[in-house]
Amino acid sequence: MQQSLFQITENTPLTETVWRMRLTGNTSAITVPGQFVNLKIGGLFLRRPISVCDCVGDTLTLVYKVVGHGTEKMKGMQAGEMLDILTGLGNGYDLTPVREHALLLGGGVGVPPLYMLAKRLIAEGKRVSVILGFNTKAEVFYEEEFRALGAACVTVATADGSYGVRGFVTDAMAGIDYDYFFTCGPEPMLRAVYRATATEGQFSFEERMGCGFGACMGCSCKTVTGYKRICKEGPVLKKEEILWQN
Amino acid sequence: MAELNVSLCGISLDNPIIPASGTFGFGYEFAELYDINILGTFSFKGTTRDPRFGNPTPRIAECTAGMINAVGLQNPGVEQVIERELPKLKTCFSKKVMANVSGFSVEDYAYAVEKLDMCDQIGWFEVNVSCPNVHGGGMSFGTSPEAAAEVTRAVRAVTKKPILIKLSPNVSDIVSIAKACEDAGADGISLINTLLGMRIDLKTKKPVIANKMGGFSGPAIFPVAVRMVYQVAHAVNIPVVGMGGVASAEDVLEMMLAGATAVEVGAANLVDPYACKKIIEELPAAMAKYGIASLEEIIKGVK
Amino acid sequence: MAELNVSLCGISLDNPIIPASGTFGFGYEFAELYDINILGTFSFKGTTRDPRFGNPTPRIAECTAGMINAVGLQNPGVEQVIERELPKLKTCFSKKVMANVSGFSVEDYAYAVEKLDMCDQIGWFEVNVSCPNVHGGGMSFGTSPEAAAEVTRAVRAVTKKPILIKLSPNVSDIVSIAKACEDAGADGISLINTLLGMRIDLKTKKPVIANKMGGFSGPAIFPVAVRMVYQVAHAVNIPVVGMGGVASAEDVLEMMLAGATAVEVGAANLVDPYACKKIIEELPAAMAKYGIASLEEIIKGVK
Amino acid sequence: MQQSLFQITENTPLTETVWRMRLTGNTSAITVPGQFVNLKIGGLFLRRPISVCDCVGDTLTLVYKVVGHGTEKMKGMQAGEMLDILTGLGNGYDLTPVREHALLLGGGVGVPPLYMLAKRLIAEGKRVSVILGFNTKAEVFYEEEFRALGAACVTVATADGSYGVRGFVTDAMAGIDYDYFFTCGPEPMLRAVYRATATEGQFSFEERMGCGFGACMGCSCKTVTGYKRICKEGPVLKKEEILWQN
């Protein structure tokens, strides 16, 4: 974990509610895909956790959905503004179990952390297939970005069928011969992926956090291997660890 | 040269800054960020007889100038604390630690304190009486002088280490409860625990936290904390550890003027993991600004 | 079309917004700023049997997200209110007003309410039981169910207009006090009054306010208010008027979901004299945002 | 009273602790000298009352002393920033009792409101003598500005004698044949002026305020003619109204 000041270099909308913010600063604590950062936003007490979409050199890319007071304020921020950020939070994805072909399944605002993951996997010579799920065509983002990384196959699923495959990410899995998978998205999607996958894999979870660095125990969950803090021993859990609460 | 040291129940502290229970774990994770030996001491995660997961999630809510938590005393239980947590702490903290203990019956408290009493690392007990009494209709021990005194007597019987009773602010008459604890053998009072609060999510039209209500902390509660510290410090003859919304060196001075011998910092740690370090570093300048040479001298400075 | 109207103790309000007592005088000064008939109603300055200057100054202190006041019920006394203030109000306010009444003995309350009862302008009484009982050792009437019930019975005996008892939050068990008032004949409960707070001036090393402590209000106390409104609204069968830190249309919705039939706005008026007007104007958009067609329908929406 | 947004055009130090801020906006509610404005400052709950030093067209001049959190924040504000201000607060000075020669006595941060007062009196053809009191030479401000207005006589008194007359403003009154006086400053000075003056006059008082516009009764005081709110029936009281609290 590292506390430092970042300067916003870009803050632009990708869709009506999803924005991308780029910042420069000390990114040294961001070591693996699937980690998150925690932003201090003026006027709010608790920091706001945002998953890392990409990190290259001293440039940090965050893709966030405007859902509440924190992200509303983020949306209003301008290039040049400074932000106090805790970086390098969470365990992130473990890339080592992938043999040859990884399947990445992202839903909505669960898509961004898969971007840096896909990049790393491809850099390691793995084959990567990506399925991105959205509600409707207007909400689709980052399809081209994943293609540009050189993913073997990028499929988009929309719940209303307005773009790509009609249905959920699990409706677009047929015929992909992955040996390991990674997923991030809303809990109903994660549950569907849990049921629809035959291999081992990793799930990235969301929970309302207090501190984001393991101090408050606000975001704990029960797992097969005991209690875990989503912010510290998570947000990524291995499939075999998960204990779904009804 | 600013004098930061104070004495708490006969044990000297290099400075009065104490991370509050539940915001600093068992210390060793913060030791990765800075040398935690710079602290006065810290109060470790509230420990109960048995391991607890606590309440269902979500158990955190944002508020104006504060937060609500309903963690519900997640902890590994007293055996694991002794076997696993305290040895880890020993590798990075050479001072006496404050052992925060909770329970749901008088026997629970006594059991946990008796077990922990053998640990040399522990300098003080901080006994949290805000928990519901399962044998007393679920009302918190801390809302009645009799129940608070009963807990005090029970833990007094099993340890010679200094005992601080940590009081709930959700009461009509904090002074009567503090006095009852003093009469029952407490060596000090720590306050305030969190205010009971609630937030509702306008989108879901349900409480933000699964448990509906929770403990409200942060700078928002500071004026209530200063008031209660003042009231209690002027009514008892044992030291008071002040807490509630402290976030700066100036807040520390205000708490001490109100009557605090030492000051705990809670919610601020969750927003800034370096909060206590920064406060300790800022104290000398703040003291100079207000013409304070020694912290010991300002304790209960307001009559 | 958003439905803002609610019914409070049988009297219809165009909207649930009520400037709280002590932040809106007797209304006519605010009428110079805007047409105060847009309000649901307002609660006038706490009135006592005899004229009062209140406490010595300074009697205001700044806090994070709030303020402390120790005004101490400055008012011209019930005779002057009837002879001078209410006629002035009549020239600019055509709705029923809420009469806030305080006292230092049960007889004080009954005297003031009986005098005011003859005023047609008054729609409701809001009886503030947070004052110290001079015949009861100085403890506030509002900290004991018995004393609060005694005040309720005394005012019940002298008026047929709806009576709301305004409760203090500085208690261990708000529900028992609310129930005692309901059983004693109250038509509604309003809460929360201010939290007791204190600030110390680091330069002078004295309390900021001359009276040492005072009533803490503002957005900082909102989570405590929501909690108590929720607790009381789910325990009594009479309407609850919610207040405490309300500063926006969203806060109003949250209070109503917690259980409030109407919502008072206090400290916000002191920072922005147009606060209530703005909240009323912002309510339809806030309702639309959260899919609320009628305010009546969301009262006590959280189970 | 008027609520409106003002834009800062200048914010500069006059001494080590006294700053001048100039703003432009709707000044229509500022009608007489001796009134004050109430500023909403980000991060603080209550507004901060500052006396009006001058008001010309849409330009408002505030001279303030840095004494606490509010004025610390004001000091840090930059030209171009916007401030939410309530204007036209307080009764202000009543100029009508002056026959020919008015004496103005200001101490420290009580000096600024006398500036606009002197200007108006001179514009009305009155003779104006001014005594400004400070602790020491380094704290003196606005002496030249009063001279430039055309005051008959501008005397500075410093408590330590480092500049002008040694002593308090009341030590510099000898030989001035005023027929009416106005004063503003710390309470000990006001009490000294009360004792040292033979004519009628007006005093401007300070009190910790809640709202600043008469709603909260936070700043009440007792006077010969009943209770008054410093923010509404004050801050200016006539000499004969004053009831000193011991």
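Per-chain numbering from 1; labels A, B, C and D assigned in written order.
Everything below uses one rule, namely that a residue touches a chain if its C-beta (ideal position, glycine included) is under 8 Å from a C-beta of that chain, and two chains touch if they have at least 3 such contacts.
Values in this document were obtained by computation on a predicted structure and should not be read as measured data.
**Student:** Find the geometric centre of each of chain A and chain B from their Cα atoms only, then give the gap between the two centres in Å, rounded to an integer.
**Tutor:** For chain A versus chain B, the centre distance works out to 36 Å.
**Student:** When the C-alpha atoms of chain A and chain C are each averaged to a single point, how far apart are the two points in Å?
**Tutor:** Their C-alpha centroids are separated by 47 Å.
**Student:** Report the inter-chain centroid distance for chain A and chain D in whole angstrom, where each centroid is the mean of the CA atoms.
**Tutor:** Chain centres of chain A and chain D, defined by C-alpha means, are spaced 58 Å apart.
**Student:** Mind pulling the residue numbers of chain D that touch at least two other chains?
**Tutor:** Counting only residues that touch two or more other chains, chain D contributes none.
**Student:** Find every residue in chain B that makes contact with two or more other chains and list them.
**Tutor:** Answer for chain B, listing residues that touch two or more other chains: 61, 63-66, 219.
**Student:** Chain touch graph shape: choose line, ring, star, complete or other and state it.
**Tutor:** Topology of the interface graph: linear, an open chain of contacts.
**Student:** If you go through all the chains, which pairs of them touch?
**Tutor:** All chain pairs meeting the touch criterion are A-B, B-C, C-D.
**Student:** Which bits of chain B are touching chain C when the two form their complex?
**Tutor:** 61, 63-66, 68, 143-144, 170-173, 195-200, 202-203, 205-207, 212-213, 216, 219-224, 226-227, 230, 245, 250, 253-254, 257-258, 289-290, 298, 301-302
**Student:** If we count contacts the way the header does, which residues on chain D are in touch with chain C in the complex?
**Tutor:** Touch list, chain D to chain C: 1, 3, 40, 44-47, 69, 86, 207-211, 213-222, 227, 245.
**Student:** Considering the complex alone, what residue numbers of chain C touch chain D?
**Tutor:** 22-25, 29-30, 32-33, 45, 53-54, 56-67, 69, 71, 74, 208, 218-219, 267, 269-274
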